[in-house]
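Next up: some structures, all given as structure tokens.
Next, two complexes with subunit A in common: one pairs it with subunit B, the other with subunit C.
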Partner chain A sequence: MTILRRTALVFGLPSVLFAAWWVFSAGSVDFYRPPLSSILAAFAETWFGSRIRDDVLPSLLRLAAGYSLALVLGIGLGVLIGLSPRLRIAVEPVLEFLRAIPPPVLVPILILFAGIGDLMKVLVVVSGCVWPILLNTVEGVRAIDPVLADTCKAYGIRGADRLRHLVLRSASPQIVTGARQALSVGIILMVISEMFAASSGLGFTVVQFQRGFQIPEMWSGVLLLGLLGVLLSGLFRLVERRVLAWYHGQR
Partner chain B sequence: MLDVKHLRKVYSGHGRTVEAIGDLTFHVAAGEFVTVVGPSGCGKTTLLRCIAGLLPATAGEIRVDGRPVSGPPPGLAVVFQEYGRSLFPWLRVADNVALPLRRRKLSTVERRKRVHDALAAVGLHDSLEAFPWQLSGGMQQRVAIARAVAYEPRVLLMDEPFAAVDAQTRADLEDLVRDVWRQLRITMVFVTHDIDEAVYLGQRVVMLSRSPTHVLDELTVDLPDERDQLGTRSDPGFSKLRARVYSQIRAAKAPVDLGKTAS
Partner chain C sequence: MIRRLLPLSGLLAFALLLEVVPYTGVVSAVYLPPLHRIAGALGQEFGRDAFWTALLDTLRTWLTGLAIAVGAGVVVGVVVGSVPLLRAATASTVEFLRPIPSVALIPLAVLLYGTGRTATLLLVVYASFWQVLVQVLQGVTDVDPVARDTARSYGLGRLARIRWLVWPTTLPYAVTGVRLAAAVALILTVTGELVIGTPGLGKEIALAQSGGAVAQMYALIVVTGLVGVVANVVTRDAEKRVLAWHPAFRKEAAA
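Our next item is the complex of A and B:
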């Protein structure tokens, strides 16, 4: 496929949807559904100023902190649980219980323990992101090829070498799958955590606009969140292509 | 060098017990090339995994270099049948060969040289940077052999390493294994179900019965050390040896009633 064709395919549907929105909203006089043109005007005004520093950046930093923490916790615990069948049997019911709790209901509880600052918001992100990473890591570690495990054993590849070259790499396709799910969960929770008791952030700003009947601004916030999602998943794909080059090359 | 005494292995689980190895005793001298041949499903792989310390024996004893085997013995390398699964797909060929050397106290230069020499010995000096899955099956098994060679083992175990490659590649790899052995003079135990291969490669052939396994017979291969695919295989001595092994193995298989073939 030529690059031109590919680009046309990638941008085709978004352009059509965008154009449709533009055309069908053009004459709108409905206060709650303003024309796209006025949303875009509000977009530039709203977000290309100090809000990038005051709201967008704090949101992204909380997301980054929560997501990274969830990666460390999820992969670390997942490897431990995946390597020990006994530990897995012991903790599985608890994990299923904890996983079934929707993270947003934890927000009021976390406020009690962690206050209403950044820590609470980071913890909300962690509480949602950790599960897909953890459970996928466990499955990935369990699925290590027995021949490869025997190879390590026979050649005395143990300890840190084994962890790095066998366990983590074997599980990496599954870990990446979990991390991808966790990323979209993380964006949602970032916004939700900012809708409660916050003084900055994207979620906070969107709610503020809604309460202040600044409808085009509110819509522009939704648009920005969608664009951030696209950007982050693009970044994720770049990292994935590097980490899993061997995996995609093999098939 | 390698002593297997009254080895017995019983698998149990899922309400079923299978006696894979009944009572196996044989000896391999230092520097000897022994091939082990038996009907399919006779517990050859089980035997090899017991020697490699990957599987505990139910009874009996295995000694490598005088030391009883209770885990993978140092100085022992294995080439598995499933070449596609015994190489690390995320490591390049050179790194696959180098990985087992990380625990050895070698300088980077020394290690690199060993990896390079081993890969050159199997004819893969120009594939160092490739990933295993970019190579053909025969080349992948060459990488696995190079990894074993670079490890500089005293004992090299091979578990039907060429069962999954085509006939021509197989002939090349057989000669490669002979060359490696003649150069390094390490102790070789080569397990196969192929009678021709067993006679062509070994100095001695150990014939196994069907499961529960014991040694049927041992045969010294009195062919010259210098062997080649065309000459050796058409040698009357080769045919005679081959016929002897074949009749033994067939006799061993005879009393099997259909449907009760051991797995």
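Our next item is the complex of A and C:
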């Protein structure tokens, strides 16, 4: 396949869709569906100013804090549970139940405990992100190749070395899968936590626009959230390619 | 025997923890009522008509959204997946649209559809559609080349190939997609009810919260968790049943 053809395939449909949106909305007088040109104008005006510092950055920082905390908690507990069959059997039903609770319903509970500040929003992200990571880590640790485990035993590898070179290494593909699921849950929860009670943040601002009938601004916020989702998942794929380079090379 | 009792003991320990912690003063009993009060509130809920209506509303929104997403995901996936040019042309668009967090659509949904069920359905369908589509796309391309050549040399037509070749290959992927979609759809259903105010369990939780009925709020959250558990069990069971012929499951059953 020539480069030209490949570029056409990658950018063809998106540009057609984009052009169609532009053309069909150009003469739109519908209050709720403004022309794309005015949405884009609002985009530049709304987000390329102090809002980046006041709204976008705090949201992303809270997401980062919650996500990292969930990673540490999920992997730590997951290794612990995965290494002990008895503990795993004992906590499995509880974990199944806790995982099945839709994370957004925990927002009202967390508001009771942590108020409506940054702590609550970080905790909301943690409470949703931790389950996919935890459960996948448990599964990954369980599925360690018995031959490798026996080899480690035979060579007398134990303690931190065993944890690092055997347990975490062989569980890492599964952990990454969990982390990927957790990221999309995390973005959702970041937005939701700000829709409830907040004075800053992306979710708050977008809802504020909607309530104030600032329609082009609201559309631009929706676009920005979408772009952020795409950007973060692209970033994740880059990190994944580095972390799992040995694994993808093997296959 | 011990293996039987272990899961039970885990549940018991968890229940005990919930009952005892409020009395220790680590957290205020106002914020975390002891388990027996939550259970009492749950019992009261079972007696309320509004609770059953809300539960039914939630289930209806969830299943409707899931059905639409699965139908659309399977049809679009099979059609797009079996035409290589179409697949190549849509790949970048799918990769772009998929990670858009569905909650970004909440303000839009409210503006366009108000607080009715359609607004929540939009979120549910958008979020779960991609789960199914991506899996089906992957499944369609996974057709065994030997089987494909065999089908061709036996002169199977396009429809027959889809029925006897593509569909059985895709089914395991599709079922996984449905399982993932069911969980995501439930989350978005409750979220929509909680944030937008569509009738259902989520709205009841929001009402209990603003009314300061903490025990009732916990009881309702427990109910959403139970709905989620039942959904997981049912989809996993259905997966086993639908794929009973599949080698991976046959092996598991024999072991």
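Definition applied: the second predicted complex is superposed on the first by the 238 of 251 C-alpha atoms of A that agree within 3 Å, B and C clash if a C-alpha of one lies under 4 Å from a C-alpha of the other, contacts with A are read in each partner's own complex, and residues count from 1 in each chain.
One rule holds in what follows: a contact is a pair of C-beta atoms (placed from the backbone, for glycine too) under 8 Å apart; a residue touches a chain by one contact, two chains touch by 3 or more.
Everything numeric here is computed off the predicted structure, so don't read it as measured data.
> Where does A:L73 make contact in the superposed view: on subunit B (first), on subunit C (second), on both, or on neither?
A:L73: touches no partner chain.
> For the three-chain arrangement built by superposition, which of subunit B and subunit C touches the greater number of subunit A residues?
When the residues of subunit A touched by each partner are counted, C comes out ahead.
> Which partner chains sit in contact with A:L40 here, subunit B, subunit C, both or neither? Use first/second/both/neither.
In the superposition, A:L40 touches no partner, neither subunit B nor subunit C.
> Per the contact definition in the header, classify A:P103: touching subunit B only (first), subunit C only (second), both, or neither.
second
> Report for A:I157: first if it touches subunit B alone, second if subunit C alone, otherwise both or neither.
Once the two structures are laid over each other on A, A:I157 reaches subunit B alone.
> Applying the document's definition of touch, where does A:L83 land relative to subunit B and subunit C: first, second, both, or neither?
Neither subunit B nor subunit C is touched by A:L83.
> Which partner chains sit in contact with A:L148 here, subunit B, subunit C, both or neither? Use first/second/both/neither.
Touch partner of A:L148: subunit B, not subunit C.
> After superposition on the shared chain, which partner residues are touched by A:L60: those of subunit B (first), subunit C (second), both, or neither?
neither
> Contacts for A:I116 in the overlay, against subunit B (first) and subunit C (second): which applies, first, second, both or neither?
The answer is neither, since A:I116 touches no partner chain.
> Output the subunit A positions appearing in both contact lists, the one against subunit B and the one against subunit C.
none
> Sort out for me which residues of subunit C touch subunit A in the complex.
For this pair, the touching residues of subunit C are 3, 6-7, 9-11, 13-14, 27, 31-32, 88-93, 96, 99-108, 110-112, 183, 186-187, 189-191, 194-195, 202, 205-206, 208-209, 214, 217-218, 220-221, 224-229, 231-232.
> What does subunit B use to touch subunit A in their complex?
Touching subunit A from subunit B are residues 49, 52-54, 72, 74, 76-78, 80, 82, 85-86, 88-91, 99-100, 102-103, 131, 133-134, 147, 151.
> Report the residues of subunit A in contact with subunit B in the complex, numbered from low to high.
145, 147-148, 150-151, 153-158, 161, 165-166, 169, 172, 246-247, 249-250
> Within their complex, state which residues of subunit A touch subunit C.
9-14, 17, 32, 86, 89-94, 96-109, 111-113, 184, 187-188, 191-192, 195-196, 203, 206-207, 209-210, 215, 218-219, 221-222, 225-226, 228-230, 232-233
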